[in-house]
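There are two complexes below, and they share subunit A, which is joined by subunit B in the first and by subunit C in the second.
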Partner chain A sequence: MFESCADPKSIEGLSWLLCYLTTGKHLDFYWSFVTVLTLLAITAPVALAFGFAGAMAARSHFLPLSLIGKGYTAMVRGVPDIVFFLFFVIALDQGIEWLNHQVQCPDWTEPIRKGLEFRVCPEAKVPLNSAPQSVHKAYGFALAVVTFALVFGAFAANVLYGAMLAVPRAQLETAEAYGMSHRQVFRRILVPQMWVYALPGLSNLWMILIKATPLLFLLGVQDVVYWARELGGAKTSAYEYPHPDWRLWYFLFLLVFYLAFTKLSEKVLNRVSARLSKGQATAAGEALRKAGA
Partner chain B sequence: MTTCWETINAYALRSLGYGERLLPRSDFTLCQQFTLIGSGMLWNIYFGVLALLAGFFLANALALAKAAHSPWLRKPAEWFIFVFRGSPLFIQFFLAYEALQMLPKAGIDVFGITVQTAWTTKAWAGALFVLFLNTAAYSAEIFHGALRSIPKGDLEAADAYGITGWSRFIRIEWPTMLRLAWPAYTNEAIFLFHSTALVFFSGFPAFQQRGDALYYANYFADKTFNPFIPYPIVACYFILLTLVVIWLFGRVNRHLNRHLPSNMGSKIRLRPQLIR
Partner chain C sequence: MKKLMLATALMALTAGAGLAQTVRMGTEGAYPPYNFINDKGEVDGFERELGDTLCAKAGLTCEWVTTDWDSIIPNLQSGNYDTIIAGMSITEERDKVIDFTQNYIPPAASSYLALTADAKIGEGAVIAAQVGTIQAGYIAESGATLLEFATPDETVAAVKNGEADAVFADKDYLAPIAAESGGALVLLAEEVQLGGGVGMGLRESDTELKEKFNAAIQSMKDDGSLNAMIKKWFGDEAAVF
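Coming up: the complex of A and B.
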């Protein structure tokens, strides 16, 4: 990156470290933090939407819909999330290819699952074998995002379902007494009021989501853990920057990153919680009122 | 073609190193998958039970330290809890593995006795240690919260009876803390068992392919390209394990609440929060 780094064998000390930390691979490492943040930025709203849909379905009076919703919310209960991660990544991939296969090659006669193979016609491959490497990477990342959103959507559905039940019944009855329809009560009364009850659960969920991001590594994405292992491993003198096994330091750096991130999130979420409690008929709202008076 | 009974004989204790050495390589049967994955569950149970038992004691100590007035006790406990609750378990596993590998291979000399270090990088010891510290931190936070929500009246009553010091703690505070914390602690236990599935995906190698349930499920999914059989099998096993945990903790909960009128006991709800 810098001109002085042209011959790394000849420099020492701090300038060596500076050159070492700005190699192309290290820049990839720094970019992988952006990957993690991107994952969080996309997953959080999508999972919230999934959760909202799941909670609404679970509340439905239409039996099949409510069964689907309840099944979805119950999904993460009792089974480790890592099992879902490993499962969904392959299952989604195969499901998409299978569907594509039905559309693209209707007269393909060979069975798709033959022995130990899963073989669809070449046109139905997602992404196509001829696609550039970047497309394959993007597809892998997209699969990981959908997987995260599905699993965390189920968590969020749990939280939101509970929050909807926690809104005082009297509030809804008052709205009904004013002649609002079910839909109006839901939109104007229930949803605005449920957030304060949902917030503790959702902030917990956000923390868990942050702490689940290193699992991207297991889904085959080149994330922070991948690069920490790659860069930290011992490098012989055949490399430009030889060094012994430094993985410990790289992982220590990741640990500090995550600690700082969760601490910051906690601070922000506490503020949001105080903001939402304003004027609410809860203990926290009462405490705020007294403090202000 | 071997019968299912033969498969069970060959693989039921495979995860511990007994029985058939070679894992099946082709013609995977449902029986093989059930047996091997079930065999792997032994490791999940081992990690979960031991970490939970040992973690319980450390958690109590940490919760008390965090509630202490002296900053010499409080600060270290707060930092310990912050570090383990604020960072991903996955990273903790990696970090611990790398740190344990830095120990001198030949062993450490303590007063002329050589202490072996090689065993610490094995999953049965290293991963167990990380899980133990991790669950202790989470449980300590739960216990600390419970300690702070002991009803004021209980403590005043103890004062009025002249119960002070150690006997106040052991007869009034600790049982009440445990009673209040139990539902949340049940969740923590469930979560801990779930976390054990991470062990063999996080640096700790599975020696001679002796892994946990998810390790074998992943093996089958890789070999057969079919995730729809092994993963649901793991899920079944874990649901069973979770039910057993809920049942056991429910028994303890009933014992802790036995002095209360039956409608007042804080029942463990059948819908445990799944979030820790």
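Coming up: the complex of A and C.
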């Protein structure tokens, strides 16, 4: 990065460290933090949407829909994350390629599955073999987002389902007495009031989601843990910056990052909780009212 | 509008399909000097140079991909890349599930690295090896206790912190580590010949690609450039063809 770093063997001390910390590989490491944060920023709302849809389906009066909603939460919640992450992503990836294969190469005669091999025609590969590496990475990242959202959406669905049931029945009855339709009650009374009941569960999920990001590595996305391990490992002079085993320092850095991030999240969530409790017929809402008076 | 967008997306996906064949080369990137990720964040090492040369000879465009050693064969089979070029020894067991080109490194010695030259190996000793390697298979059958790790680097770390009595791996990987440890780590005298050399792994159905690489490797063997490359990366004492 800097000109003085051209010959790392000849520099020492602080300037060596500065050069070391700005190698291309370290920049990849720093980028991986952005990757993780982006994943969180995209996954959280998508998972919430999945959860909302799941909860709405589960409490539907239409039996098949309710079965779908309940089945979704039961399935995903019952399967260990790691199994889901290993199995589902491969299935999704191959499913997409299989569908694409049917569209693109209808007269392909060779079998797609042959022993352990999975082989679609070259035009049906997603992304194409000739696509630049960045496209492959983006595709892998998208698969990761979908998988995370699906898993955490199932948990969110259960939390939201519980929260919807927790809204006092009297509130809904009053709304009905005013002549509101089912939909209006749901939109105007139930949803605005349920968040305060859902928040503790959702904040738990958010914390778990933050800590689950190292699972990204399982999905082939090079995340912070991958780079910490790769950079921290002992390096011989095959590398420009040889050093002994420094994994401890890299993992300490990750520890600080995750602690700081969860702490910040806690603060934000506490604020949101206070805001949602305003005017609610709950103990927290009552406490707010007394403090204000 | 939706249809239009779909059509554009499909066009973007299919465009370029007619261009020269792109081969994705899968490697581990954690096994210097065979393959490693250099300080610029690129794949480097003997196999990078060899792979690029082979691709140039065979007229292929090559793209490098790194992956976990553990899942390197399943990922090849499911088509995430087209070749494995990761210091993988040719063994009967692997040959049952994938195909190999002819070897590009002759059968070479595996050896032990330990804290002292008289460290115990064999019966009763704890030996570290990377999971899924021929060395791990050898230790499992030797009567010693096998301690497996996901990356080569972790196997060496296990010896340094006393978790294992010795680490068993390719000598070419361990030798530079011993040489640069300042006497803290030593190579034991005992050496074992394992496997049929290192070759490139391909899907069994990819016979055409295999022939292309076989021909390219053969031409490098014939003109001596392969031997020169081996000596450049593994030192003058390395086994050559």
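We take it that the second predicted complex is superposed on the first by the 289 of 293 C-alpha atoms of A that agree within 3 Å, B and C clash if a C-alpha of one lies under 4 Å from a C-alpha of the other, contacts with A are read in each partner's own complex, and residues count from 1 in each chain.
The rule we apply is simple: a residue touches a chain if its C-beta (ideal position, glycine included) is under 8 Å from a C-beta of that chain, and two chains touch if they have at least 3 such contacts.
What you are looking at is a predicted structure, and each value in this text was computed from that prediction instead of being measured.
Peer 1: Between subunit B and subunit C, whom does A:N204 touch in the aligned arrangement: first, second, both, or neither?
Peer 2: A:N204 sits against subunit B, while subunit C stays out of touch.
Peer 1: Look at A:N129 in the shared chain and tell me whether it touches subunit B only, subunit C only, both, or neither; answer first, second, both or neither.
Peer 2: Once the two structures are laid over each other on A, A:N129 reaches subunit C alone.
Peer 1: Contact-wise, after the overlay, does A:P80 reach subunit B, subunit C, both or neither (first, second, both, neither)?
Peer 2: The answer is first: A:P80 touches subunit B but not subunit C.
Peer 1: Have a look at where A:I90 lands relative to subunit B and subunit C in the superposition and call it first, second, both or neither.
Peer 2: The answer is both, since A:I90 touches subunit B and subunit C.
Peer 1: I'd like to know which partner A:V196 touches here: subunit B for first, subunit C for second, both or neither.
Peer 2: Touch status of A:V196: no partner.
Peer 1: Quick one: is A:V225 in contact with subunit B, with subunit C, with both, or with neither? Answer first, second, both or neither.
Peer 2: first
Peer 1: Applying the touch criterion given at the start, work out whether A:F118 contacts subunit B, subunit C, both or neither, answering first, second, both or neither.
Peer 2: Both partners, subunit B and subunit C.
Peer 1: What part of subunit A is shared between its subunit B contacts and its subunit C contacts?
Peer 2: Residues 90, 94, 116-118, 229, 245, 247, which sit in both footprints.
Peer 1: Which subunit A residues qualify as touching subunit B in the complex?
Peer 2: 76-83, 86-87, 90-91, 94, 113, 116-118, 155, 158-159, 201, 204-205, 208, 210-215, 217-218, 225, 228-229, 232, 245, 247-248, 251-252, 254-255, 258-259, 262-263
Peer 1: Taking the complex as given, what residues does subunit B use to touch subunit A?
Peer 2: Interface residues on subunit B, with respect to subunit A: 26, 82-83, 86-92, 94-95, 98-99, 101-102, 190, 193-195, 197-198, 201, 214, 217-218, 221, 223-228, 231, 234-235, 238-239, 242-243, 271-276.
Peer 1: Which stretch or stretches of subunit A touch subunit C in the complex?
Peer 2: Residue positions touching the partner: 8, 23-25, 27-28, 90, 93-94, 97, 100, 104, 110, 114-120, 122-123, 125-133, 136, 220, 229-230, 233-234, 236-242, 245, 247.
Peer 1: Spell out the residues on subunit C that touch subunit A in their complex, using ranges where they run on.
Peer 2: Against subunit A, the touching part of subunit C is residues 13-14, 16-17, 19-24, 29-30, 32-33, 36-42, 45, 61, 63, 65, 67, 74, 77-80, 82, 97, 151, 153-154, 156-157, 160, 176-177, 180, 203-205.
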